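Read through the structures below before going on.
Both complexes shown next keep chain A, but they swap its partner, so chain B is in the first and chain C is in the second.
Up next, the complex of A and B:
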């Protein structure tokens, strides 16, 4: 425990110093993007990691928040009003999503969330009078809370960082609360939990709402970040990307999704500078993770690195360890 | 009046296509418990391969369709044997792999066939139509309906009347017990996966003259297959047949009446079924 505090302080200092450490506005923006996706991945991880429910429709909820913000702003709301409206809309959408998807668990749950997510995508794409179809909805300006103009990349980064830290702390509290323990119980032993008198369905429902709330927060940040929202954000690929963030970092951990978000965003940005086939690469990464590192990207790379080191220097290790 | 008639015919045609797509999905899901997210890609791949064979290599349409189905079935078999075979029982891994493959296939198709939609002309023998009851029936659509009927009859006969079908049904009901009595369930898996993929590919090329083939066809069709299976119940042929026609009607009428919300109306039958009968119309309660 005592070793944790210095590490925590160091990590916070590093996060706060990012705008000075990275060489320019572009990289500050990428850092903001990582934090936004980290909030999104934290939200999805509540379901995937702690409730054992894999959702492939979260990009739809993310999109609801983004579209609600953009539409409310376009309708003349102020920033506070738009954000409040977006959070309410996302929570309402999440409640419907959860009520339907939680009629099942396991694979059927996944299929329902996927279908619902695609329906939301279809809505964003075709309901042109509201969503402007493929052209998307622009956002004219970022808010300036207390005179702190978020149009400056570093200011936006700090605002995102603050919200990210709030989300992280709330996740920590959530997971370590009795409710979080109950949630993990419903993941591991739903029937026993039921026998013990816990309302398994309700616990999952609340967890879904919390997950949807974090997703909504990320969606609002995202629409302010890109100042634009289009149906592409709701596509199955986006849901798949976030799931990749959660899984690659390790499900059911607090820091895993954050590492995963950083990894995916960085790989995506580097990759799209050199190749145009990001989707192909994403697909290959998915297949490769499952085939070569079924335990997750971070532990898997460590294992593969050990293996590679041994393969490169067989005499040394073989001589020391002797024949296996 | 005639608008409704045309819509009804289109709905039945679309339902037939959906059946070709979702029957395989439902069988794979019912037997192997694999949520095969590549199914939309199989449909699209069938459309692309078939249209290339038909338009570029000038094969007769039905031969091209069968060849496309065979190619897609073989592709499905490769995926099953090389990847899914190792992942038995691990849902998350199966989801990731099928999702990854669907992304790869989508990008691969974009690379080979470019982003332009390919419209496939109706085969000359089936062009034109007939007028009956004040409705103009396009011959091709009637042919698609007939093909779907024939396929569903064949599938039903295969599952209900043959030894292989009995083994598949045993595998769906209780894979462990099926293994105990000497059925090689893993070989059934490969057969069913090939069959499902082939049917989806066949649907893709049969549907090409109606839907055309374009990037994104996969993610248009996959949710439809999911909704059909959620409606009909996994593993039930009758369920996917009924679900396909329900969705065919809902989708087509939705598109005609509320074009902006066409995708959203799909939501309604799904909500109804999930609220009233979560295991699907013909599904059994999950164990």
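Up next, the complex of A and C:
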């Protein structure tokens, strides 16, 4: 534990120094985007990594939060009211999602979430009186809590960082709690958990709600970040993208989804400025991860570091080799 | 009041009748052995008692309370624990964590998403005591994946006993064990107090017949013989099934 504290302090200092370290507002905004997607990926990881339930419909919940915020603001709500409304709407949507999808597990669960996500995407496109269809819904301004105007990129970054850290801590507490232990048990041995006396379905339902809540938080941050929401955000490709963040970073780890989010956002926004076929680059990176680190970037890097350390250090018994 | 009463229990998979009009009464504190050739319906009977399968007809009651339509998880809260023929544990976790999951299942703490599980001293102490009961306290911090088959069998029993069951279902607890491991598990089962009623499925007749007071023999989904060791061994139907005489 003591070795972790300096690393933690260093990481926090590095995150806090980002607005000074990166050149200009654009890169500060990209850093905010990484954190937003990291919160989204952390939310999805609750299901994929800790419950063993792979969802391909989470962009729908992300979109519900974003549309609810934008629509509430357009209807004259204040920022606090719009955020509260968006969180409530996302939780309600998540409850419906969960109630329908948790009738199954495995590939059927995945297909149900995919279908539900597509329904929400279709609604965003076609329910024009509410969503404005393909034209989307703009957000006129960002909030200014306690006079801290979030229109300034560095201010928005710090607000996002604070929320990201809260999400990270809440995930840490959640997975180390008795409930988290039960959730992981339902992932590994649902039949045994049931026989032990656990309500497997309800545990998964609550986990889905927590996952949806974090997704909703990310969706609200996203709509304030882009100041606009359109059906494209709810598309299947968005759900697949965040799933790839989780898988490439390492499912069932806290840092994996964050690393995955950073990888995808950087390639999408920065590498794409230099490489026309950035989609192919992303694909090559994913293939490389699958081949060389099938467990994901973070656990794979840890494994390689251990391997390298073992290779560098002489074996403990080397000195005794010649002993009688 | 009997510990376990089964009346006219039927279960079919499509056209295949797996258990047929089973009647069974096990008294409190009794050690009951269920034997029979492969495919006799023994494990299906356990799955029906534990609630992992729904019976087509018939009833099951535990200490006078009807369980027939009760969800499997609720039966655990009623005092029913079981082990599995194929070991069903949590290989990524330590032995201590495996037993803690078993203990946690019967407390309200299992719903708590805020506290740290590893700081629940009372639960940890109980889990350590449960492991000590099966002589595995020294391996508490070891991941289950790094233990032997015999040790895993003992973890299964520790998890079941940790829940202080009133009725314990043991599905082939000696399966796949070495001679030494069998002796260890045999001692372990002999030390279980009489407050716990035990129903056991076992193929190893040498150890099982010594353990049980009464034996039920199943064949093609029916209990065909029931009685003491002497009665069962001398029954011509049992001889026919096992020896083909």
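Things to note:
Methods note: the second predicted complex is superposed on the first by the 273 of 324 C-alpha atoms of A that agree within 3 Å, B and C clash if a C-alpha of one lies under 4 Å from a C-alpha of the other, contacts with A are read in each partner's own complex, and residues count from 1 in each chain.
The rule we apply is simple: contacts are C-beta pairs under 8 Å (C-beta built on N, C-alpha and C of every residue); 3 or more make two chains touch, one makes a residue touch a chain.
Remember, predicted model here, so these are calculated numbers, not experimental data.
When both complexes are overlaid on chain A, the residue A:198 reaches chain C alone and has no touch with chain B. In the superposed model, A:301 makes contact with neither chain B nor chain C. Looking at the shared chain after the overlay, A:173 reaches chain C, while chain B stays out of its contact range.
Contacts of A:269 after superposition on the shared chain: neither chain B nor chain C is touched. In the superposed model, A:188 lies in contact with chain C only, and not with chain B.
Once the two complexes are overlaid on the shared chain, A:154 sits clear of chain B and of chain C alike.
Once the two complexes are laid over each other on the shared chain, residue contacts for A:232 go to neither chain B nor chain C.
In the superposed three-chain model, the partner touching more residues of chain A is B, compared with the other of chain B and chain C. Common to the chain B and chain C interfaces on chain A is no residue. Residues of chain C that touch chain A in their complex: 50, 52, 72-74, 76-77, 82, 84, 88-92, 97, 100-102, 104-106, 109-118, 120, 159, 163.
Those residues of chain A that touch chain C in the complex are listed here as 173-174, 176-182, 185, 188-189, 191-200, 206, 210. Of all residues in chain A, only 54, 56, 100, 103-104, 106-108, 110-112, 114-116, 118-119, 121-123, 125-129, 235-237, 240, 243, 247, 277, 279-280, 282-287, 289-291, 294 touch chain B in the complex they form. Of all residues in chain B, those touching chain A in their complex are 29, 33, 35, 37, 83, 86-87, 90-93, 95-97, 99-108, 111, 219, 222-223, 226-227, 229-230, 234, 259-264, 266-267, 270-271, 274-275, 278, 286.
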